[in-house]
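What follows is a pair of complexes built around chain A, which joins chain B in one and chain C in the other.
Take a look at the complex of A and B:
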């Protein structure tokens, strides 16, 4: 088993090489950033409308909503950083491109899902998300002492791990059914359920989205923690779900790999 | 050492009739069929040996190499390589092997090949000094020193294949699987890569299994050939012995001063080529002397040569299943 240092070093190389590759095509890099900013502006319009109307959702004031949407945009940036690798997986399986990765003495899952990183998609979301989080946090008058900051960051990290594990699962089906455009579209649509706080959904919708397919845990838990709205059980689930789904994704990955049949030469 | 025993690999697939009707039927019912890509293959390879793994398209060569390198799980049989079972995919095993496929690449397209070498160095945990020495030595041998800092996408196919080879050898594997490493390359590049492989094998005693459709590759590099056809092993032995297994025959090329008709030539052996200036006959080895004597005394012979049947041709006969499995 390789240590954390080994994988951090490799991650450093992937970051460097992805950036170098992206900068080889400057126009494409700028176009990618522009498109992503367009998407982000559409998401911001929701918040702008809420502010203009002065609408509250349950206990959430527009300032709270700004914080939640900011968290969603921030997490979208992190997800977009490696999402291209997920998207490429069905094609790699179909074309037998995993062959030369399987023979490397490194976690294949790490290599395949982290090797190409898209900074053009990440940067606008990360910057805008951070600004919105900080602004929403301050305007809503939420506590900013070290305990709450650490808790918020902890649930952000948990959300990162959970989004990686949860959204990798549908792509692993490609090992069995090869082409999965429809399934992936549904999964991607589910990501967008988070573009508003989970409180806008009904009780059962919230429960399913929190405990069955925990997409709401990803972007809602950091904000709910700040507001003191996460009970002990929810806190434990927020920390446990990422670990549970990571284990599931690892198991399924290993099972899926046994189904890999490569492609004819 | 590589030991392969009764190795088998089956793939399942489904049949589809042509046209839209077939596609619609497929939605509701799929008839699953099984293809036996590799059927009960056994052979062994000694350390430092370099063997040619031959067969026509679809014979199961690449599938076998993929099982030997741990890429694919077999349906049955055993493989042991230096004490490891390839498809267990242990890191220690992966450090001992490398595979190069002529039709697949591992280099980062937009970056210089040296960056991909460095990534492999990090993945395999090669120390800085060894890495520098290996790259310098191999780049020199492959004549690519000047190209190390050129983006991969700007390299020619031949240059790229040399870089692929170099990338695959950064960790100095004990065993090297080469699947058509010279495919699509010009004669000079093929020659350079052959030369490199020959020297590399000699210097490092690396075990090499190579598949290639270019017989020049195999003849230049391998003394032993393993031939498979339709997933089954049909020959395992010295390359030079293939003619003997097929029933040793020679080619007799005779140049005459006058025209000799076909009927006359047929009295001496199987006529392979005929022209106004002579003919090429295929004759069993034990009859060469007698046939030659008869030709010299009966025909206006100007010149003659006796040669072996080209190895390519003999191997093609295995491909066409003209011979029984040995």
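Take a look at the complex of A and C:
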């Protein structure tokens, strides 16, 4: 079992090679950024509508909503950084390509899900998300002392771990079934529920999205913490859910790997 | 003509090849509808949204439900294959056969729409029926107008994306460009939100450009937003833009085929 330092260094190597690849195919890099900016237009339309209506959603003013959607766009950027690896997983299983990685002396899950990083997809989201978060934070007059900044960043990190663990689960079905297309479409469409703060989905929608399939924990909790709207129980769930789902995804990965038959290689 | 009938039937078969994936991908379209319905319901319940956006609540909800379906019906998706035909030499086989490449793509496009139509038409009939029961002012003229504009919308979208696909003669790698343009056109066509809710310059531009006549125009006929004068004018725009893109496509094909090197195939 390798230590954390080893995996950090390995991650550094992945970052280096992904950046070299991005710089080698610059036109491809720019084209990737424009695709992502296209998707961003759709997310920004939601904010534009809220500002045009000029109404609050519960306790959230349009400025708060700008912060929430900014957090969603920021988290989309982080997710898109490694999403391509999830997408490639079914193909690797069907064509037996996993054989090449299974013999390496590192965690197979880490290697397969982090080996290629798409900076072109991450960059526009990260920039736009950061601008929207900072603007929304300032306009809404939310506290910016070290405690709140640290709390906000803590829940962002928790959201990163949760989105990785939660959205890896549907792709693991590829070890059992051949065509994942529709299932993956549905899973990805669920990510878009974060286009709007959880408060518009009603009491039961909010509960399901927070405690059963905790997609709202990913992008709503950082903003709710800043507003002082997260109770102790919610704070604990915000910190515990990522760990819980990471353990589930890890167990399922190990279970799924036993089904791998190395076909076609 | 019999060869085009075969191409049409081949399109139907291709669309039904992965049936589970086909139905699940149609099901994934439900999620954006849920998000938008929740948002509109909230905004109309808590603000003067009808005054701000110019749509009654029933009209905007009907728009949300139907625009997603109409957007799927008029959607293209063959431009990537056209690009590959040009790049890999696949076009050769069409050049030596007694078929016109444009009509080949058109009839296959129509054939691929049949399974979607078989699902979409009953769903749309139920939605419109419920809306009528809830007080939507519906007439046989509007239904016919909707169906006519839908057919012209499909033809217009085909013409636009056919021209886009022909860019493969001039560009080395157009795949990501297609991705970006596809997303931008989906927004510009009103496939996400009706863009005339933003009023002013946006509405004027949307009324002049061709894209809104593929999705926004048909839906605004059936939801009762457009009067007959506006409908007549819209049909004129649809036919005019189809003519423009048909001429443009013809010109691009003639110029492009002169550059075609017939590599591979």
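Structural remarks
Convention: the second predicted complex is superposed on the first by the 264 of 265 C-alpha atoms of A that agree within 3 Å, B and C clash if a C-alpha of one lies under 4 Å from a C-alpha of the other, contacts with A are read in each partner's own complex, and residues count from 1 in each chain.
FYI, a residue touches a chain if its C-beta (ideal position, glycine included) is under 8 Å from a C-beta of that chain, and two chains touch if they have at least 3 such contacts.
These numbers were taken from a predicted model, which means no experiment stands behind them.
Using the contact criterion defined above for the overlaid structures, shared-chain residue A:26 touches neither chain B nor chain C, since it reaches no partner.
Residue contacts after overlaying the shared chain place A:10 against chain B, while chain C stays out of touching range. When the two structures are aligned on the shared chain, A:99 is found in touch with chain B, with no touch to chain C. Touch criterion not met for A:203: it reaches neither chain B nor chain C. Greater residue coverage of chain A by touch, when chain B is weighed against chain C, goes to C. Once chain A of one complex is fitted onto chain A of the other, the partner contacts of A:183 are limited to chain C, with no touch recorded for chain B.
Of the two partner chains, chain B is the only one that A:262 touches; chain C does not reach it. By the touch criterion stated above, chain C contacts chain A in their complex at residues 18, 20-25, 27-29, 31-32, 34-35, 38-39, 42-43, 46-47, 49, 52-53, 173, 176-177, 179-180, 182-184, 187, 192-193, 197-198. Put simply, chain A touches chain C in their complex at residues 27-28, 31-32, 34-35, 37-39, 41-42, 45-46, 48-50, 52-57, 179, 181-183, 185-186, 188-190, 192-193, 195-196, 200-202, 205. By the touch rule above, chain A contacts chain B in their complex via residues 2, 6, 9-10, 13, 17, 20-21, 24-25, 96-100, 102-106, 111, 258, 260-262, 264-265. Residue ranges of chain B in contact with chain A, taken from their complex: 11, 58, 62, 66, 69-73, 89, 91-92, 94-95, 97-99, 101, 103-106, 108-111, 115, 118-120, 122-125, 151, 179-180.
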